[in-house]
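Labels A, B, C and D are assigned to the chains in the order they are written; within every chain, residues are numbered from 1.
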């Protein structure tokens, strides 16, 4: 990547974050609706803190914008210092949103100015690229977190009154005649993980060999209609479909449907970023936990693919450039919601795999604070693959490993089956 | 009270609430830092809801400002309908602060317009008076709640940079030569509770007789300096001073000092609405729980007065008209903090009494929803008397019964002893 | 009390404890079914520890039975030293039951032998009397705790298969023609508390004056049948009857009936120490919390008496010597359950009063460890008066103050109304 | 397996369970010291329930010993029916221990009698074998659960006063000259899982191929002495060694050492089944969680082996027939504690692997209730391999997969490293 293209990427990603926050009031940006989610304002500040801490603060002539931000907006980097408790981020009203926007502008100016100098760009290239991808991860979290925040409000407010227009969507989607034939994988040794071209996170490496048995991965996603059959067949009432921990989660939380599904006068509705809408039976199901994905698969007589099977299957298909990722949707003034037909590997919903999130053979986290980025979370999390409508298209690659605990439901996560 | 004077009181109390919220940003007004506290914006809306629900909505020609507010801003009136869960008030970002201010203006206009008609004023006099006193209670909560909210921010932000000026204060206080002689009460039967002149809450009635033993109530409050002696004498380390539940609270919460006391480089500081300040040893101690007040009294070889002893003692002294209540302080541009000398019965800190909050003999809550105002809380709460710097002077009367659970510390509550 | 009569009382109470534990296996004696309850074996050991610690260990020539018991069987006396955590008493299997019985025998022998010497008796009289009353309190807890323990077993085991014989019972009860006229109390100043004759706990003193308004206290207890009317009238579904904390308790715990009431094929049954039995509609209702007692009173248009009203009313009636207290029942081989008709002030169920448990005017706990007996619990507990079928008759006196938190249900506690 | 050898195995395993419980009193057998552990008496009953439910109850002429046991002693088989809540097993005192022993005898007689008939043996062979292995799993749990139970008692009671004799132990161990050379594994495709000879659980199949990179697995276990170096080097104070969830566990639980390590006057002691003993620095470290095993490995610059690497390495070494498994130890009257030198693959401590517990490719749980045995727990658990001093030697095989959550410490679990 050249210094120029880094600067371009930097400006573009920084600008897109601001654009995502635009429909939100200062009050909206304050809400932390659960421990796992963060206020929008915190995302705005923390992504800025990342560049300030890992890039600018390494330069001897840089003055921090506000020394207290080092503590306030550190997420989990013990190497950098202590952190304000995560679950109390919604308590912090100062600095105000305007001050946080000043902070963003200050760091942006400093970065862009310094990126004129090729030395600076070269020295920090890796961490700036990580910072860009990091900010794209937070862009997705801004959307999933604010969706959860707004869903706590019984007036069902909208992030934006964009239309959920499936016609426009289907155009991009190709058409319904697209093949539903599963993708077959032959028994054998395959290479998994990122090769050296282009950016990838440390957890996508080393590229290594795995042995796969013969299998078939579905080319289509599970739809809301299919999921409703599972529900109507007593799926949430029958322990035999469920992992033991899943059955506990169902009973402790009273789960009866995917997150955000609400029966209004016996009509199944779901809460979207554009408010409450009727459930679209042809759309891919979203907002299910790993437990629900796994139970659905067992009910359907199939199983979830491993992340390795998924990656090899993805290599045999095409990832549409014009899939409805978040940037595509915003450009067309459409709602950010998985309304696409269930074709395509990426761009509708993340897909729970059967794999736990573990380091690849020979994996070592990088030295320094940024080594805390991925490695320390490799425990009791489950890999998701694919990318959702809330993911930026420039952030998508087939080796990308997303990961969440099995009970997670607030992400745009759905189901692809295998057998 | 005439219709005119009701209208005047109404306008004045409504205006004062807005004035209290003025130094706060939209973000500040969002914070709910614990279940017991509410966001400022909620106080602004709920006090408005009170007039809308209990007065305006009784008029057949009134159109509610927004029908969803009935649910959103109901605190605990089951008779009126369900309530949004109290501990999640900080999740609600819409309506925004501006919309809430519109709501206030709408209800104010409707009230003032209708108060022109003597019929309306007469018909609703009692509930408008309750609404006014209710709003004054919430004015105090706005201050105690935002103090707690700001205290969660490690940058120690200020509500307002008002000076903590004890000189100005002492002037009002009379002088330090004031008598410290305890107030003696002879054995006998006394009348307790409100007589029929002026407004009082239902819980201040019926006026009734109690038998008191001979006793003496201190004329001065316990100071920070005296409380520090208790601390230095191992008060928080020795179980013998404490109620069993108090000792549990000390150990479970790690209490070592009153709330908001923080050692900075071995100097005892406290967090005030004007930021972090050195502890003032001559000022009345504040932000102690009932447990701490009780333990201090036992350590000092005395006890807390009952609410009846307090009321009879108060009748033998003078309540200064110019005590530094919140309105007095704001007018003089002074900080809202108990810096007054410990003389005077009211206007520095609420005073924990030895009495549980129970209905007076013959007490019956009024019919209708407003009957839920006081009566249903008469269980395991402790009576405080006096009024604090955060109380409006027009809200003070010697029969007034404030009440909180024994572990409460975020109120301006301190200690008066008896024996 | 003479040394002889002290020795007699001591032996008799010690023997009765053993008799109460006789129907229980070593396994039964292990169960701690909730934090508030203790295993039978712990009661056997702790009551012994009381005499060892407060009497024998004061003698220079006494050797403790086992030095580790000082820690293991201390309940809450900080002055004596640390305590094994209360909620983990069910984890301790050694010493075994046999060893605990040896411990009892050892302390009994030491006590009886030393009680031959008048000096010893005189020196320790007060604490031996306290120890006797203390053990009688634990006798009652043995029964209420094992009832709770056995109720956790879905096979509904019996403490003892004694008959629930209401005929025998009613004989003792006098007859149903007994007057139901309420007891009237005139307005005036009354003396409350224990005079100096006979044993009383510190919390029954000082005797002092209170002013009472005119009132009437029911001469009969509320029956299961009356309580069922409240239930059938929607009592557990209507917030207007309940204190705010009571309504929360109803909803959080799913209360629909008194504790131990179970619908079996639509027939209301209750769990007794003799197993599962049909609810007896004429018997006094038992196992209700303060919240339920208070809600029932409000529904019935009456209220609970204060403990002072109760005590004055009790003075105007007769406490039957032959009421079915636990010793009476065991002698007649009858079940320990409130089957008596609702006449009589004592001996069926404890009666929740409207009074909080507070020290009487001038109350000071005694010096030393035994000062922790009562005083430190005077916070957020509610006074019960009367004595139940699980109370020993020799333990009953009209000034006795029992106390429990408002949510307590596992005691034999019922309802007497006033107005 | 012939009918005779099944009958022999059955009797032998049933007898060994009784032998393990012999040193325990009825009271000891009652204790449930945490949700994860069960009372000994429950293990005695549940293992019996297994044969009654899955074998005898399938025979039309069998009468259940007590119909209520079906519910009381079901662990987690939803297909069989509801279960008594796991965390309340310590509340059940009836049936008593003697009755449970009668239950065992009844089922044993029925089984042995029926096993005379070859038809019965053939029909039920698979489930009887599962029942035998199941009971051996519970034998180990009896020891680990009672160790935890006794450790709650501040008098440090002994399961049995057996000597911890390392001389006898080392004899069996061969000698310290044994090679410490790591076991090298070449890159390539390997077969993993059980072949068809002999019993194996469903989770050990299907045998399948995996690709392994070149690696080396240590031939010795990590010792207490080595672990103490990690502790002295600040291992528990430095976040960089720990997984994020591990670091939380350290801080929330205040972990400073392996479970059961206690400093007594600055000497490191550990609690064993023979009471409190000085830590043996040459013995393998035990009672560490996965988090601690993983952190130690990172500190040591190595890593944990995957379960596949472990299985291939084990195939290249010898599993000693005379390793000190629990049967070997009991026969020699030695304590059940990992005092062996760290040589040998099995028989000292289970070894945490880097692998999550997942189904092997093509894995399907068997039909019927026994399908709940393993499959439904394949989520967020970690595989341990090897077998400990508390495992019966006849229960050991290299493909055996033990599994526990990452925070588990009460098992005899230790550390083998790889790189």
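Throughout what follows, a residue touches a chain if its C-beta (ideal position, glycine included) is under 8 Å from a C-beta of that chain, and two chains touch if they have at least 3 such contacts.
This is a predicted model, so every value here is computed, not measured.
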| item | value |
| --- | --- |
| Shared chain contacts [chain A and chain D, defined touch] | none |
| Those chains which touch chain D and also touch chain C | none |
| Whole-Å gap between the CA centroids of chain A and chain C | 59 |
| Chain A and chain B, separation of their C-alpha mean positions in angstrom | 46 |
| Chain B and chain C: spacing of chain centres that average the CA atoms, whole Å | 39 |
| Contacts with two or more other chains, residues of chain D listed in rising order | none |
| Of chain B, residues touching chain C in the complex | 76, 78-79, 189, 208-211, 213, 239-240, 242-247, 290-291, 294, 354, 356, 358, 361-362, 376-380, 406 |
| Contact set on chain D toward chain C in their complex | 25-31, 33, 41, 68, 71-72, 84, 88, 90-94, 96-97, 149-150, 152-155, 157 |
